[in-house]
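Two complexes are shown next, each including subunit A; its partner changes from subunit B in the first to subunit C in the second.
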Partner chain A sequence: MDIKQKIEKANEEAVRRLTSGDPVLVDVAPAGEVIPGLENKMITHSGPPIEWGRMCGAQQGAIIGMVIYEGWAEGPEEARAKLEKGEIRLEPNHHHHAVGPMAGTISPSAPVWVVENRAFGNRAFCRQVEGRQQFGEFSKDALDGLRLWRDIWAPTLREALQKMGGLELNPIIIQALQMGDELHNRHSASSSLFANRMAIAISEADVLKERALPTLQYLAGHNLLFLGLAMACGKAITDPVMDIEYSTIVTAMARNGTDFGIRVSGLGDEWFTAPAPVVDGLFLPGYSADDAGFDMGDSAIAETVGWGAFTIGGAPGILTLVGGTPEEALEYTREMRKITSATHPTYRMPALGFAGTSVGIDIRKVVQTNVSPIIDTAIAHKDPGYPIIGAGLVRAPIECFKQALIAFSQKYNT
Partner chain B sequence: MDIKQKIEKANEEAVRRLTSGDPVLVDVAPAGEVIPGLENKMITHSGPPIEWGRMCGAQQGAIIGMVIYEGWAEGPEEARAKLEKGEIRLEPNHHHHAVGPMAGTISPSAPVWVVENRAFGNRAFCRQVEGRQQFGEFSKDALDGLRLWRDIWAPTLREALQKMGGLELNPIIIQALQMGDELHNRHSASSSLFANRMAIAISEADVLKERALPTLQYLAGHNLLFLGLAMACGKAITDPVMDIEYSTIVTAMARNGTDFGIRVSGLGDEWFTAPAPVVDGLFLPGYSADDAGFDMGDSAIAETVGWGAFTIGGAPGILTLVGGTPEEALEYTREMRKITSATHPTYRMPALGFAGTSVGIDIRKVVQTNVSPIIDTAIAHKDPGYPIIGAGLVRAPIECFKQALIAFSQKYNT
Partner chain C sequence: MEDKVEDLLQEELVIINMGLRGFAESLEQQEVEVVQVDWIPPAGGDQEMIDILEKLM
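What follows is the complex of A and B.
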C-alpha cells in the first residue's frame, strides 16, 4: 500500500469507530470517585494545557469559583493566592477522558455525567451545565447552583439511573436531531426527551418527594440540560478514534479562551494550537463585543462528532441565539461536507432531506479547501466574575490544521 | 362603508380573535359531565352532519366500537342492529363545541380534554388520540386502550390538573412550533414538553404510584399525545370567531370520511360540503391506496388556525410520514399565505426566518386564487375494523369555498 492508501484505510477505520459509538448514561457521580487521575487539590479545565498565568479572565474566575466551592479557600483573594503559588493543580479535562463547557472546570466533589460507549467499553465524563460559574462568575449565588446539583439533583439522578441500569442515549440523539436540536447550543428537544425518561425512572426508584420534585423541576426547566450529556457522548465517541496510525481525522477541538487546540488520530495525544479566535455573535442586554473573551470550552467536541454548527441547517431555532438566516445555516451545514469523510448512518437531518450528519474532519481537506470547521458557541466575559454574555459562530483557526498536517508529514514521511 | 370595507373590518375582527386565543387545559373529564348536550345513548362524530347509512366504513367501525365500549351492546352485530334502528343518536362534534381526530367518536363515559380559551371564556373538548378505535377498529384490544384512558391515565391527569389549577398551552405551542412540530400529525415536541409539565404536576399532587407510574409511561411514550390538546385548542380558538357579520374567514374544516365541510364566520353554523377527497400519502406495510377510505376527521381544525400543513415547512421531520421533500414543504407553507389574512404574532417558524404562521383562511382568496387549503392527515381503511393504515396530504375541495361564497353573496347582497 502506498501512503495514500494507508491514510484512506486508517480514515475508514476512524469513521467506522466514529459512527458506531453507542453512548449510555451509566451514572452521575462525584468527579473524584470516577475520573481517572483527578486528585485532591486538582481542578481540570477546558481546552489544551495552560498554566494559571496565561488563562483568560473567565477561566480564572471559574477556577476561583471551584476553589471556593471545594472549601480550599474562603474567598476569591485567598483562592487567587493559592492558585498563583501553584497549590492547586490544573490539568486539561481532555487528559482525563473528560470535557466541560466554557471554562470547563471540574473539581473532585462536583458530580459529573458518566457516559459509557458500549461499542468500545470506554467511559467519558462531563460536568454540569449552567450559565454562571462555568462562565467565570464566583459569587455565592453562582456557587449555590453547583451545591444544588451536588446535594439534590445529581444524587436523585444517580439513584434513578442505578435503579434503571443506565439509559441509552442514541435514541434521544437521533430524535433530537429530527426536532431541531444541533446538540451544541440548542438542546430543547434532547433535554425534554431526557427529562421524560428520567421522570419515569425517578418514579420507579421511589425517590423521596422532597428530592424528586425539585429534580423534576430542574430537569423540565433547563433547556441546555442535555449539553453535558451530548459532550460526554462526544468524548466517549471520539476517544476510541485516537491513535489510529496514518489517520488524518480530528479527534478533538478544544479551547481554553487563550488557545484553540486540536488533536488528530494518527498523531496521538499531541495538541496543535493557535490563538483562540473572536466569536461573531449576539450579546445579552448590557453587554457588547468589547466585553467578550475569546473562544472557550471543550464543547466543540460536538462539532468534532458532526453536531453543533455542522448540523445547524437542521436547527434554525438556534438563530435567535447566534444570529444569521435559515439559508445561511443550511449553507454552513452543506459546506462542512467538504472537510469531512462520511455521513452518519443514523444521525439524520430532516431539513436536508434526512441526509446524515457530516462526520470525520480530515485535516488534509481543511488545509486543501481552506474551509475551517465552523462552531456555534456561547460567549464569556473577558474578565473574571461574569455570567454568560452572548453566543455566536466562530471558525476553528486554520493554523492548527496546517501545523498538524506538517507534523503528520514529518511523522509518516509523506 | 361599502360592502368591501365591511368585509375587511369584519375579517380584521376575525383575525384579532383568531390570534388572541389563550387556551388553557383546565380538566380531563368524562364527556357526559362536561360536553353540553351530550346525552345518554348519544355518540358524537367528526365532520359535518351525516346519518348512519351514509357513514364510511371507518366511521361506522369506530361508532360500533364506542357502542360496545359504553356497554350498549355486547358485540358488533348487536351494535350495528341498534345503530340501524336509530337507537343511538349520532351528532357532529362541532355541534357540541367538540372535535375528534379521524372518526372522532365521543361517548358519555369517555374522558375528554377540556380547554378553556381564557381570552373569551369559552370551552372546547377533544377526545383521546389513539391509533386503533378512532380509525374504525372495534376489537377488545382496541377498546382496552380506551378503558386504560378512562380508568388510569385520564383520572391521574385530572387529579394533577386540579391540583395545579390548569395549564397554559400557548407556551407549549409556541415552543413546539420552534421544535419541528406542525401540530397536526407531528407532536413530538409538544407531547414531550407537555409530559414534563404533567410529571411535575403528578408529583406535586401525590398521585399513588400505581397510577402515577403508568401515566408517566403513557405520557412519555405517546408522541401524538398533544394532538388531542392541539385540536381542543383549535376549537377553543375558532369558536369565538363564529358569527361575525360580513366576515369571510373560515371557522371550521371537518370531514367525516364521506363529506368534507367548512363553516364561515359570517355564515354562522351552516355547513358547505363536497365529497371527501382521496388522500395522497404513504401507507404502512400491508396496506395500499386500494385500502384507503376518503379524507376524515375534525383534525383539520389545526389547519383552520394555521397549523398542520400550513406550517409543514417548519416541520420537515413529518415528511417520512406523509412524503415529499423539505423544499416542497416550505413551498406549501408559503403558498398558504395567498389564501390567509394575517400572520400570527407569536406562533412562529424558525425555518422561515421566524415568520408567523398564516391564519385566517378567506373564502374569497381561495376562490380567486384557486388555491385550496392543504391538510396533512392520517388515513383510515375504507372498511370497518382496521387501525391506522397511512398518512399523507390532501387539498380541501374548492367546491366548499365556492358554495360558501355564493351563499355569502346571497346573504349580504354582494
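What follows is the complex of A and C.
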C-alpha cells in the first residue's frame, strides 16, 4: 500500500470507532477517586498544557476558586501566592481522560460525571457545568454552587445511578438531536430527558427527602445540565480513536483561553497549538466585546464528535444565544461536510432531511479547503472574578492544522 | 479564430465566474446572467501545504 492508501484505511478505522461509541453514565464520583493520576494538591484545567503565568484571567480566577474550595487557601491572595510558588500542580484535563467546560477546572474532591464507552471499555470524566466558577468567578456564592454539587446533588445522583445500574446515553443523544439540541450550548431537550430518567431513579432509590427534593429542583432547573454528560461522552468516544497509525483524523480540539490546541490520531498525544481566537458573539447586559477573553474550554470535544456548531443547522433555537440566522446555521452545517470523513449512522438531524451528523475531521481536508471547524461557545471575561458574559461562534485556527500536517508528513517520511 | 470570437460576442453571453464573487456582482449589476462557482486555490495558495497534500491525498 502507498501512503495514500494507508491513510484511507487508517481513517476508515478511525471513523468506525468514532461512530460506534456506546456511552453509558456509570457513576458521579469525587474526581480524586476515579480520575487516573489526579493527585492531592493538583488541579486539572481545559485546553493544551499551560503554566500558571501564561494562563488567561478567567482560568486563573477559576483555579483560585478551586484552591479556596479545596481548603488549600483561605482567600484569593493566599491562593495566588501558592500558585505562583508552584505549590499546586496544574495539568490538562485531556492528559487524564477528562474534560471540563470553560476554565475546565477539576480538583480531587469535586464530583465528576463518569462515562464508560461500552464499545471499547474505556472511561472518561467531566466536571459539573455551572455559570460562575468555571468562568473565573471565585466569590463565596460561586463556590457555594460547587459545595452543593459535592454535598447534595452529586451524592444523590450517584445513589440513584447505582440503584439503576447505569444509564445508556445514546438514546438521549439521538432523541435530543431530533428535538433541536446541538449538544454544545443548547441542551434543553437532553437535560429534560435526562432529568426525567433520574427523577424516577431518585424516587426508586429511597433517597432522603432532604436530599432528593433539592436534587430534583437542580435537575429541573438546569438548562445546560447535560453539557457535562455530552462532553464526557465526547471524550469517551474520541479516546479510542487516538494512536491509529497513519490516521489524519482529529481526536481533540481544546482551548485554555491563551492557546487553541488540536490532537490528531496518527500523531498520538502531541498538541498542535496557535493563539486562541476571539469569539464573535452576543453579550449579556453590562458586558461588551471589550470585556471578553479569548476562546476557552474543552467543550469543543462536542464539535470533535460532530455536535455543537457542526449540527447547528438542526438547532436554530441556539441562535438566540450565539447570534446568526437559520440560513447561516444551515450553511455552517453543510460546510463542515467538506472537512469531515463520514456521516454518523444514528446521530441525525431532521432539519437536514435526517442527514447524519458530520464526523471525522480530517486535517488534510481542513488545510486543502482552508475551511476551519466552527465552534459555538460561551464567552468568559478577560479578567479573573466574573461569571459568564456572553456566547458566540468561533473558528479553530487553521495554523494548528497546518502544523499537524507538517508533523504528519515528517513522521511518516513523505 | 477571430471570426469565432466575433460570433461569440454577437450572441447572448453565458458567463461562469470562478472565485472572487465581485466580478460576478459587477456583471449582475449590468443585468448580465452569471453563474458563480465558489472556488479558492487549494490550501489558500500555500505552496508548502500544497506540496505535502499532493503526497497525502
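The definition used in the following text is that the second predicted complex is superposed on the first by the 414 of 414 C-alpha atoms of A that agree within 3 Å, B and C clash if a C-alpha of one lies under 4 Å from a C-alpha of the other, contacts with A are read in each partner's own complex, and residues count from 1 in each chain.
Methods note: contacts are C-beta pairs under 8 Å (C-beta built on N, C-alpha and C of every residue); 3 or more make two chains touch, one makes a residue touch a chain.
If you're wondering where the values come from, they're calculated on a predicted model, not measured in any experiment.
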item	value
Which superposed partner A:Ser288 touches (first subunit B, second subunit C, both, neither)	neither
Subunit B versus subunit C as contact partner of A:Pro316, first or second or both or neither	first
Partner chain in contact with A:Thr346 - subunit B first, subunit C second, else both or neither	neither
Partner chain in contact with A:Phe408 - subunit B first, subunit C second, else both or neither	second
Which of subunit B and subunit C A:Gln368 touches, first, second, both or neither	second
Superposed model, subunit A: greater residue contact from subunit B or subunit C	B
Subunit B and subunit C footprints on subunit A, overlapping residues	none
Touching residues (chain side subunit A, partner subunit C) in the complex	3-4, 7, 248, 364, 367-370, 398, 402, 405-406, 408-409, 414
Sites on subunit C touched by subunit A in the complex	40, 42-44, 46, 48-49, 52-53, 55-57
Contacting residues of subunit B [partner subunit A, same complex]	175, 178-180, 188-189, 192-193, 195-197, 199-200, 203-204, 206, 209, 212-213, 216-217, 219-220, 316-317, 319-320, 325-326, 350-354
